[in-house]
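Pasting the structures in now, so scroll down.
In the two complexes that follow, chain A is the common piece, with chain B as its partner first and chain C second.
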Partner chain A sequence: MKHTLSILVENRPGALARVVSMFRRRSFNIDSLAVGPTERRDVSRITLRVDCADHALSQIEKQIHKLVDVLRVNELPPGESVERELALINVAAPPSRRAELLALAEAFRARVADLGPDAIVFEIVGAPGEVDAFEELVRPHGVKELVRTGRIGLARAAAPVPDGRPQYVLR
Partner chain B sequence: MTNGADAVLRSLEAEGVDVVFGIPGGAILPIYDALARGTSIHHVLARHEQGAGHMAEGYARASGRIGVAFATSGPGATNLVTPIADAWMDSTPLVCITGQVRSHLIGTDAFQECDITGITIPIVKHSWLVQDVAEIPAIIKAAFHVAGTGRCGPVLVDIPRDIQEALLEFTYPDVVDLPGWRPPKRVHARQVREAARQLAEAERPVLYVGGGVLNAHATDELLELAQAARLPVVTTLMAKSAFPETHELHFGWPGMHGPKWSNWAMNKCDVLVAVGSRFDDRVTGKLSAFAPGATVIHLDVDSAEIDKLRYADVPVVGPLKPVLAELTRELREVAVPGSTEPWLAQLREWREQFPLRYGNEGEMLKPQPVLEALQELTVGSDVVFTTGVGQHQMWAMQYLLCDRPRTFITSGGLGTMGYGIPAAIGAKAARPEATVVCVDGDGCFQMTCQELATSVLEDLPIVVVLVNNGSLGMVRQWQDMFFGERFSQIELTHHLPDYAALAEAYGARGFTVESDDELRPALEEALACGRTAVVDCRVDAREHCFPMIPAGASALQLVEYPDGQAVPA
Partner chain C sequence: MKHTLSILVENRPGALARVVSMFRRRSFNIDSLAVGPTERRDVSRITLRVDCADHALSQIEKQIHKLVDVLRVNELPPGESVERELALINVAAPPSRRAELLALAEAFRARVADLGPDAIVFEIVGAPGEVDAFEELVRPHGVKELVRTGRIGLARAAAPVPDGRPQYVLR
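Let's look at the complex of A and B:
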């Protein structure tokens, strides 16, 4: 089963390495990982996708929680969170195929990020399933290069703060 | 203004550190210069950083305080990796301070540069690479706090040389600022009540006690609990000495070389109370066959241990000292007096039925009598034992009976050969009034015997009782039992080096024992001489350590001493 974990860490050198090292050392596999700033400059958020059994997930959460740099770790339960991913896809697009590709992009609300004589770089932002679907549909046209950010997510706007705990301890 | 190096020492002094173990070198010179300029801290000069690290561990385990080791950058730091890993596995609180190359050289492959914070990520609770001299007091404060709270363990502080030389206005903080470090402090009253209820209903309960009890300073509470409800206690190798071993409620040690009665107690119990223990594979054998019928109550300060290997029916996460006290209080209200007596009688019966046995064939001295003699000669006295790793360690577990907490110090989780001698020196530094005895193997001895020099010159006398079987005995045993007697690279010889002569060369006393008759006089003299001594007991290499539960087997597949047969091999 795949799970999305959201981890808030102190923005310190080595914080990411410690989190990632825990996965490697206990042989858990990371599917995707995205790190970036949060609303606070001294805190970063790691959103991490992991494929494991429920039992392993709770072990992972507890092991991560023990890391000194980690302020909070929680699963983003499907349905109770908003998850997004961005992909850039460079697709072969000879003039004869352009119309078809642009129509496809339109349907998925993908943007044209760049246009060349025989290729288009599409930019798509969406729920990970939508990105998958778009990728599948353009693939037959010839994907030259592709990059995905890995998913990021937040609890839904209406969701209570996990476990009723404060987001993190303020200093 | 003081420099960073002085700030390190002032911080250690503020933490109450009285002794550190280490070896100097280029990147840590300013700190050693600060030592020379004056401090209340005594520095013990080791002969190898691995030795320094194990000394700090031995100090920590014997005293219940935090051990401190110093090393220089590069090879000094990498030599500390084994003790750090050892402390990690056995949850020994340790603060390691390493010198690092100057800040501007980091990342350039400078002379003796090594990414020690990177190397140790998986084996420390936390580490710091100091980037600003002003951070030193807060970081040292945090380092001690992290090492010694929650589940204990090692931390590392890496300090570039220029930062040791930079100046700061020194003040030591009163509080730590670690928003991400929140070990459990409270007792879950509801969980404890549930644990008490389950225990009160048990017919065949067992307390399966691990090293966490020692780290939590909760041995008194454990004794109270066991006595209050008359619960039998089995202590793991790491918990040896956490419960008085001559107490009628103590029923040995579980696992691969534990006696049959201890393993049967675990196997047949209906309620298993894991107290600061972690279901290590050397204890459980085949996990699915471990305590198969038991309801598990798991008390631990580390929530990640709950359900890690064995599902806990009643998890209680919290500091063991108050948890045990609270459990005893609850249990007093619900326990049925006398309800465990039939079970205790059964355990006593098994103990009588399946005593530890060994062979008496052949001319050579057997290893087990060495441990028996040592036990007899030290009974009742203030003695701390350390061990190496191998057969001798398992015999030490079986034959030495430790009644006082922190008197058996061994490398359990990592199984680090060479641990015994330096750990003994560290223990002696912590407990100068005690007689410290290292039960060592000949293989282990040769990994860290250079520290005999430290022992002699630092006036930290220890007695090394060498169970010299002329071989890497434990490996020999496995090759004999599981690899069709194909012996491969296990021969060390009994005579090279001449251990007694080597001891004398180090300024210690040396004794050679080759027969039963020589054993007691030599041990007596070594124990009484007040100097560092090595008693080389040359024993039969063919003697195996029994009983044994082969790796991955269940307690019921325990192999006993082969009766009526010649000594194996």
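Let's look at the complex of A and C:
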């Protein structure tokens, strides 16, 4: 079963390498991973998708939590989280096909990031599954190149955040 | 100086760990990293931002290229690439502030991903700098949580792709 983990780490050399190696040593394959800045300059957030059994997940959560520089680990429970993914897709688009592709893009709220004489680079953001669906629809036109960020997520807006401060509480 | 690298790897256990460790061993700090699927099921793309001198970059490109499972490494040259980043931002939004925040979001083409009684989760995609600018503008309202994917990128639509096939050519 696939799980999305959100891990807050201090911005120190080696923090990402330690987390990635932990999964590697346990032979868990990471489907996707995104790491970037957070609301605090000294803290980064790693979001990753991993395929593993539920009991293995709780074990690895504990192991990650013990790593140097890790501040918090939690699973993003499906349904209680807002999850999104970004993709850039370069699709073959001769002038005769442009209108059809642009109509498809509008239906998926995909935007044109760049347009050349015979190709369009679309930018699409979607909840889980939406990027796959768009990719399937444009695939017959010829996908030249594609890049995806991997999924990121946050607790829903209605979820409580203790007295309005970021939840950097060790569990 | 900051550089964006795009690395194609075979989907095999340890491929990501090897790339990340390579930067770690050379004490290069990774600002952001995103890894996800590509147009080919057996290939993933790692996009990362790293701060290093130009001569150090070309050395590390060569080193990465020698790693097992690495198919291609290239820098995304600024100006010749389409680069985007995705962020989810949970902003404090009591009813009295909602209209103001929604107007700000519209100006930045940010979307409402979730709305609670006293918070809004915005989803924003931007070219380099745009996500930072939006974050700065909503910060005074109170950012409860924030997650960013790190930058991804592709060659521009007008760039040549050899006879329309994906560029999985070893350099």
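In the analysis below, the second predicted complex is superposed on the first by the 161 of 171 C-alpha atoms of A that agree within 3 Å, B and C clash if a C-alpha of one lies under 4 Å from a C-alpha of the other, contacts with A are read in each partner's own complex, and residues count from 1 in each chain.
Assume a residue touches a chain if its C-beta (ideal position, glycine included) is under 8 Å from a C-beta of that chain, and two chains touch if they have at least 3 such contacts.
What you see is a predicted model; the values in this text were computed from it and never measured.
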Just to be sure I read the superposition right, which of the two partners does A:Arg41 touch: chain B = first, chain C = second, or both, or neither?
neither
For A:Val70, decide between first (touching chain B), second (touching chain C), both and neither.
first
Is A:Ile152 in contact with chain B, with chain C, with both, or with neither (first, second, both, neither)?
second
Partner chain in contact with A:Pro13 - chain B first, chain C second, else both or neither:
both
Any idea whether chain B or chain C touches more of chain A?
C
Using the touch definition from the top, say if A:Ser21 reaches chain B (first), chain C (second), both or neither.
both
Contacts of chain A common to chain B and chain C in the A-superposed view 13-14, 17, 21
Which of the residues in chain C come into contact with chain A in the complex?
6, 13-14, 16-17, 20-21, 23-24, 27, 29-39, 45, 47, 82, 84-88, 90, 92, 111, 113-117, 119-121, 123, 125, 142-150, 152-159, 161, 164-167
So in the complex, the part of chain B that touches chain A is made up of which residues?
117-118, 121-122, 125-127, 129, 131, 146, 150, 177-182, 302-304, 306-308
In the complex, chain A residues that touch chain B
9-10, 13-14, 17-18, 21-22, 25, 55, 58-59, 62-63, 65-71, 168-169, 171
